[in-house]
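Next, two complexes with chain A in common: one pairs it with chain B, the other with chain C.
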Partner chain A sequence: MLEVKGLRKQYGPLTAVKGIQFSLRPGDVFGFIGSNGAGKTTTIRMLATLLEPTGGTATLNGVDILRDPMAIRRMIGYMPDFFGLYDDVKVWEYLDFFATIYKVPSRQRLEVIDNVLELTDLTVKKNDFVQSLSRGMQQRLCLARCLVHDPVLLLLDEPASGLDPRARAELKELIAELGRMGKIVIVSSHILTELAGFCNTVGIMEKGDLLAFGPVDSIIKGMQPHRTLVIRTLGSVDDAASLIRDQAHVLDVETAVDSIQIDFEGDLEAQAELLRGLVLAGHKIIGFREEEADLEDVFLKLTTGAVN
Partner chain B sequence: MSLFESLFVENPMLIEVKRYRRRMLGGGKGISIAFLTLGAICYVGLLLVVGSANGGIPAITIVMLQTLVFTLGAPAILNNAIAGEREKRTWDLLLVAPVTKAQIMIGKFAGAMTNLLLGAALFLLPVFICAVSNRDTDYVALLWAEVDSIAFAVLACAFTLLFSARCRRGFTALGVSLGMLLLGLIAYPAVVGMFGNVDSSAADVLLTFHPFYVQARLMEQRFDHNSIAPSAEGQALFQIVVFLCLAIVFLVWTERTLTFSDNEVKFLPKHNARS
Partner chain C sequence: MSASAWVRESIGTYLGNATAVRDYRVQLRGNRAVILWAVYLAVLIGFGMLTYSSAASRSMMSVVEAQASLKDFYSEVLNLLSAAIALVAPALTATAIVAERQRKSLDLVFSAPVTPKYYLIGKMISSYRYVWMLLVLSLPVTAACVVLGGAVWSEVLTSYALISLQGLIYTSLALFFSTLAQKPVGAIVWSYISVFIYVWFISGIGMGLAEARHFSFSSGAVGEMPFVVCLSAFQITDVASTYTVIAGYHVPNWILTALFALLFVRLMLLAGSSALSPYGSWETKSLRLHSLAYAFLLSIGLASLIGPLLTSPGSMSSGSPIRVDQFAGSGLIWLLTSLILVLPFITCYGVDLERKYWPDGVFDIRRMLMATPSGGLPFLLALVLAVAAGLVVDSIWTPSLIGAATPAYLYFGLAFVFAAWSVGRLASAFNNGLRYARTLHFAILVLVLFLPLPLLAIADPFGMSSSGSSVWDLYVLRPALMSNDGTGQAWLTGTVLLVVGAALVYWERSMAKKKNWGIEPSYG
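What follows is the complex of A and B.
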């Protein structure tokens, strides 16, 4: 379990991270969302023991990052926002080098390398030089490197930047698989569509503050206390709108050429009742749906676009 | 685990020895193979020359040649040791691994030293040919010269590693370390010579730290009882001790300077730095 308690980083007068706190359990895939300069990378680098926090701390399975950074390093896999590859070695040699550094027993090393290569779908490239791999493959190799010592926590900083759509999709599937394997995965990104698919928890950061944290659904729900209904009709939009305004639970009504948008505070029963009333009044309803907000809406609503 | 064990026995970064050896043996790169081929040609040429000299070449001359190779080789091998990691941006990956800065440094140093010792082993054959074919060979002096040469290699490696840790680019580290080594070896005796009437005994003192000078003294076995200078062997011993002490100072300095970079800032609180 990862517990971040009041983590803060100060660079002179600038506070890059302002005492954030959250906790994650095994299997959580946490999407760290924020604009460039929001403080995501600084937070990740503090968790990776690369930066010393100015205040607060974090514990991973009870081990404090400040008190025992060496033990933390054995438990984390860190993938920075750049590849960091030795280009003069073969794929298996690169992994063997890091497996040695992480003290993977020599008897198990070959098996571990084979396993991570299989997981990252790089088995056929085992004997190729790193420099000959495509960008997507190099990114997967970086992830394979993070996995050689079977870490508890994976810190992935902008893992999909610069990848083509196919490589991005493969990487998303791989990260989701790591979550299913029971690892805690922290993925930072400013591309929201990247995270929406596979993160079960998100945190939205701006100017060093964690503005929202929790499961994706509950954050969206929290940001949207009322339902937004969109109704399309073949008849007069204005007549339908005036009828809707008189109904219970309707807070606001906006009309367009062929549709009506309703700010609605009722439950599903009330929605059904509203639809029934319209049909019974003779309106030709051809569309009735609830508009769901997504991460992007929540992000835009919460943040102002300001950076440190 | 003791400091010795953590640095020299249980140090996972000693895998660098394997990496450096592989790089030395070509590493699949055309330019490395070209250098290796050139080296092999030079080596065969050296063997032919010493073989045909019939004892005309003192063995210590070959040791001096070896020292020159070390002077050029150490910066060439180690300039990228840390600066190169920064350039490739692999440095952070080492910093987040469960290894200390000292272990990283010793791994790099041991990797380069292994290569230079391999070079010293190759030089043993021509040294041996010269020694057995020359009746006047003083084997004790030869041994002193050999140890002195290796001690200088240790110093040159530590010196280059320091610059590799302090420079952002490997090429800069190569230029600075090679330049300073050559400046010391060439300019130092030149400056001593500029003082005019420096007699040989005064030069013996002034050039105490010059490896070629001491090796030349060992070769000549010049010993003047009226001289203020120590014997060539004594001077060699002194030089070896000084070189090794300086190497330790440079290595400690390197370890202390390893956080120098925009990227890593300082990554461990002081009370944990020794862990």
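What follows is the complex of A and C.
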């Protein structure tokens, strides 16, 4: 279990991270959302023990990042937003180097390398030089590197940046699989569509503050307490709108050329009742749907676009 | 740590080091290695052919002349090797860490459970391996000298050991600068500068001591020389067979040189590890403890070398011994001017970088080994006292080392360190950036110590070492320069420095209070 307690980082007069706190359990895939400069990378680097916090701390399975950074490093896999690959090194040699420094026993090393290569679908590239791999493959190799010691927590900083759509889809599937394997995965990104598919928890960060944290659905619900219904009719939009205004649970009605948008506080039963009332009143309804907010809407509502 | 765990860790660090294995695979891959070796061999063969053709052009040569010629050839080959090592070792090592920092792969390594020591030793093995390859490749040339009678194998092996030790020292210096530098060019430049200073300084000391010993031991014991001469890069053939007499035993100098080189390398590795380590690391504590111990031992070593010159009437070409206060003055100049290289790193603080550099008070003796800013002054004072303690210990065998001037010079040394430290504190208080503060501190120290020299020399060309009143009295190192008794001047200048230092600290404190550093006092 990862517990972040009041983590803060200050660079002179600039506070990059302002005492954030959250906790994650095994199997959580946490999407860290924020604009460039929001403090995501700083937070991840503090969790990776590469940066010392100015205040606060974090514990992973009860081990404090400040008190025992070496123990923390054995439990984490850190993938920064750059590759950091070595030239003139073959894929297996690259993984062998990291398996050695993570103290994977020499007898198990080759088997571990084969396993992570298979997981990341790079087995056929085992004897290739790392600089000859495509960007997507290099990214997967970096992920394979993070897995050689079977970490508890994976810190992935902008893992999909610069990848083509296919490579991005493959990486998303791989990260989701890691979550299913019971690892805690923290994925930072400012591309929201990347995260929506496979994260079960998200945190929205701006100017060092964690503005929202929790499961994706509850954050969206929290941001949007009422339902937004969109109705399309073949008849008079104004007549239908005046009828709707008189119905229960309707808070507000806006009309367009051929549709009506309703701010509605009722449940699904009340929605069905509203639709039945319109049909019984003779309106020719050709569309009735609930408009669902997504992460992008929530993000835009919560943040102002300001950066540190 | 148990003995078996220590053995396992040592084997892992020195024999199965992952960094060394990875670099080994890379180094010998591709055309670079082949080209490097080919060029190197071509230079060696070309040099051999040139020397041979110049010898062969003489129609007649006696056996003695031929052997002398071979000895010269052997000596020149070794000098060439020394020069090659001095050129190649820093070039190979200087970018070892800084290139990884630029490539950002250093973060990947240090997010794994890797200690800086493990990583630096791996890098050192990688570079040092090249030094040995250069030496091994040159063996056919030196073997020819042995076969033809210009040298014997024991000389060759000792000389190679000494050259390889120099290579080890150069490698450690370059590796240290590689950990500090932000850009490869800076690392390379500083590495070459440090190697040049080392060669120049050690060669100077070695030659001076060897010459002094030669005069004082005219009885024929020419093989006895201070081991420092073996650290000199270009005297290998002359000093390879020398020895030092310790407690009546003839200890070969190459053994003492190896011991010195290993201690030096350990200090450099600790310094590099400390630079790469976070707040409160054992590497930093170990570095500080080693620095104090080395200062103490160096003081004993130098005093034991110079001690006989203080008492032996024939030790100088002029026939007069060196006076104690002259010795103290020269020692102080070396100590204090050397200190300006490290003072900015020990003194300055800033909140923009890691926690170990954050302001945490003015003076805290408990943090002396933790290397935080409040431990800076206690450490500097301890360093001066360690040097003084070395002299006191040596005075047991050479009582003339300690005289009436000693307390005055010690007072002056401590006051100088205090004043120089206070400048660094004030430079830090003016800035939030640590690097800027260090640069400012270093620049001020250089200006204060070196800028007045030409101006004062113009104003009073002969006053620098005179004992009378002079415009040189305004110079901060004046007590150490005086040829006659500088005791009074040492007390006076020391007091002035204390007052100036105290004023600067007061100023720094009042500035620091106005700034909100944004650091939680309760943290940690």
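Assume the second predicted complex is superposed on the first by the 308 of 308 C-alpha atoms of A that agree within 3 Å, B and C clash if a C-alpha of one lies under 4 Å from a C-alpha of the other, contacts with A are read in each partner's own complex, and residues count from 1 in each chain.
Quick note on the criterion: a contact is a pair of C-beta atoms (placed from the backbone, for glycine too) under 8 Å apart; a residue touches a chain by one contact, two chains touch by 3 or more.
Note that the coordinates shown come from a computational prediction; the quantities given were computed from them, not determined experimentally.
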Chain B versus chain C as contact partner of A:T42, first or second or both or neither: neither
Which of chain B and chain C A:S188 touches, first, second, both or neither: neither
Chain B versus chain C as contact partner of A:L50, first or second or both or neither: both
A:P13 touches, of chain B and chain C: first, second, both or neither? second
Interface residues of chain A shared between complexes with chain B and chain C: 48-50, 52, 66, 69-71, 73-74, 76, 78, 80, 82, 84-89, 97-98, 100-103, 145
Chain B to chain A touching residues, read off their complex: 12-13, 15, 19, 23, 27-29, 88-90, 92-100, 264-269, 272, 275
Chain A residues touching chain C - in the complex, by the definition given at the top: 8, 10-13, 15, 45, 48-50, 52, 54-55, 66, 69-71, 73-74, 76, 78, 80, 82, 84-89, 93, 96-98, 100-103, 145
Contact set on chain C toward chain A in their complex: 16, 18-19, 21-22, 25-26, 29-30, 103-105, 107-114, 118, 278-279, 350-352, 354-355, 432-433, 518-520, 523-524
Complex contacts: residues of chain A adjacent to chain B: 48-52, 66-71, 73-74, 76, 78, 80, 82-89, 97-98, 100-103, 129, 145
